[in-house]
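Chain lettering (A, B, C and D) follows the sequence in which the chains are written, and residue indices restart at 1 in each chain.
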């Protein structure tokens, strides 16, 4: 059975169990439309599905997934701001109350960012271009931890990149406004796959601390 | 209990059940890294989680989620090509064998695209800018179905937009090359929430047909 | 007799026969101006003259001829949009009721487009630049028919390029509007010189089918 | 019978007569490819079909048709240089021996160019943009003939625009080279529909003189 056939089989299981059990919920969500309370900005990584990791129900989470769960800054030039468009949809149209930036351990995008030496020219292609969003995180780590093991640098950079994205969220005027009015809250979370732990950024201690 | 507390409770359930049951799998995925066989380009919509709808396991799907599950064309100008970066990561680094563009019924992004009259100037903001990726889909529907009920137009446009994204996937040279060599297969799927059906585009009949 | 002398001799024959026989028509067309009902976008190819192939009278067809009968997408940047200017003249000033994109077999422009391998960089010069209009047609053919005989690929690409031009016609707002209002109809035709057949695209069957 | 049905009927007549009578010629042109000796740059005008006006056979003329039969200057910036691409194909690939710029009386494009007063801002849209190619012709006419009847100005401008296009042809390095080597000849012709006359530009007298 190739992988596409496996997905079709998986859909049939979903159809028999999850869909049938949640039939009333799906009907309501179809009739009334979605009204999620939370946006999650997650990574494309196949090991970290935001809905599964939070055991959420259909309709709960508006989920953006890109490489390394990054939020670029507000910019009106350029084209195809996919993540910005999704934030606009969730914040202005769906009026969510929370945005969770959900990072995770062993992120390939962050590792690629750190693989270059401090003075290197940035790599070619879309990934290198995209990862520039997190260049402040890289710079902080390289300036403080130069010479330490790469594993430790990667982990630190994964967490710093979440803080960069939280900063970038505030560059969107319609986010800043709602945050100031306490209509919208921003959260930085980090899923540590290895130990099955979920950490949250605590601005008071300036650390990521276990939620669970 | 607010929504963030609910998510934390959900994580604890995930931790006790899903994570414990898949402990060996998570360990292996952490040690060896991910090697998903399929990219899914899905919508941010809270009702359509690709991993849940296909009952997939951790490590199975590299998932990109943006508004209306769109793939923009290959373009080297502009900045922050989030979706293109994710495709590059999945195709060139992870060497997936399939890309599924997973559309769905009742898509808010597609409805926004059709709400404008044929002669209207496009709206402002990131969503309108982003949805331009699907303007060929909109044009086809407006040219053929002008005057028909909006619901029918939206459904047709949701499906045409999948075809536009399939065309756009082929504009990436490293995708076209692999498709021509039969190393990578492209699929257009449509999840009909209302009836719990999964349809796939059949190029032979030029129709979306039930998979299940 | 060189070719220019032959053309002058040809004009004399035209003058004696066609012009004299249609004297009243030419007089009327001169006094009242032209009011063609149809635009034809045809190829420059010397073997496929749209007025001759449809045995049309003076005044019947507003004819645009460029390499490979392409319609570029609506774009307000750039200069010297010759085809777009001609469409604007025919649609907005002459108010034609039909646009026929007339492709044909053995098109040199399409063959040039396919001569490059999937991963090749595009060639230099105006032709390569112009033929980029049809790159989606090329991609579709290369993704589906890689390894098949070039003749079959060229024929498929000639037909796909017509569909790309039909899509591109709809990107002009004053075309989309008239098509939606049923004031203007778009047609994709294909002249098969070898067999003397004229095929038309049928959106229902997604095929080119014999008209004659 | 609508116009599209008329065109199909016209094709059937073409098929029965012209195509059958020229069967051997079409077969040869299909097998050996086209080898026209002459490019004609003609107008889209429905009253002036270059192949009909010169009673030419299939395979004789490589025909470019745009609004007002203009040749833009050689320019490598910008996109979609349709006319330049067609010239490149005819001159460099088909190696034609002649280029005829075929103007005509009562040209709507030229009239539009002259309708603006000398100090006017140019109109909007593709036509105004495209007609800028002929702005030198307009300037010459307005400087010499200001106050004369519009009809006379239009006719003079139609002829001056042919001279501008002849100048522009020489801006293409691969045209200039062949003209200097006497491998390619440039001709400026003017079809006077009203009187059924064909005029050619004579550089010696600096006039358009009857060919027939």
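Rule of thumb we're sticking to: a contact is a pair of C-beta atoms (placed from the backbone, for glycine too) under 8 Å apart; a residue touches a chain by one contact, two chains touch by 3 or more.
According to UniProt, the chain labels map to these proteins: A, B, C, D = Carbonic anhydrase.
This one's a predicted model, so the numbers in the text were calculated from it and none came from an experiment.
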item: Both-way neighbours, i.e. chains that touch subunit D (Carbonic anhydrase) and touch subunit C (Carbonic anhydrase); value: none
Leaving out subunit C (Carbonic anhydrase), the still-touching groups: A, B | D
item: Greatest separation from subunit C (Carbonic anhydrase) - chain, by CA centre; value: A
item: Separation of subunit B (Carbonic anhydrase) from subunit C (Carbonic anhydrase), taking each centre as the mean of its C-alpha atoms, in whole Å; value: 35
item: Separation of subunit A (Carbonic anhydrase) from subunit D (Carbonic anhydrase), taking each centre as the mean of its C-alpha atoms, in whole Å; value: 58
item: Subunit A (Carbonic anhydrase) and subunit B (Carbonic anhydrase), separation of their C-alpha mean positions in angstrom; value: 16
item: Centre distance in Å when subunit B (Carbonic anhydrase) and subunit D (Carbonic anhydrase) are each reduced to the mean of their C-alpha atoms; value: 48
item: Contact graph of the chains (line, ring, star, complete, other); value: line
item: Which pairs of chains touch, using the document's own definition; value: A-B, B-C, C-D
item: Subunit B (Carbonic anhydrase) - residues contacting subunit A (Carbonic anhydrase), complex; value: 3-4, 6-8, 10-15, 18-20, 26-27, 29-30, 33-34, 36-38, 42, 44-49, 51-56, 58-67, 70, 72, 75, 78-90, 93, 97-98, 100, 105-106, 108-109, 125-127, 129-131, 133, 185, 187, 193-194, 196, 198, 211-212
item: Of subunit B (Carbonic anhydrase), residues touching subunit C (Carbonic anhydrase) in the complex; value: 118-119, 135-136, 139-140, 142-144, 146, 167, 170-171, 173, 176-177, 179-182, 186, 203, 205-206
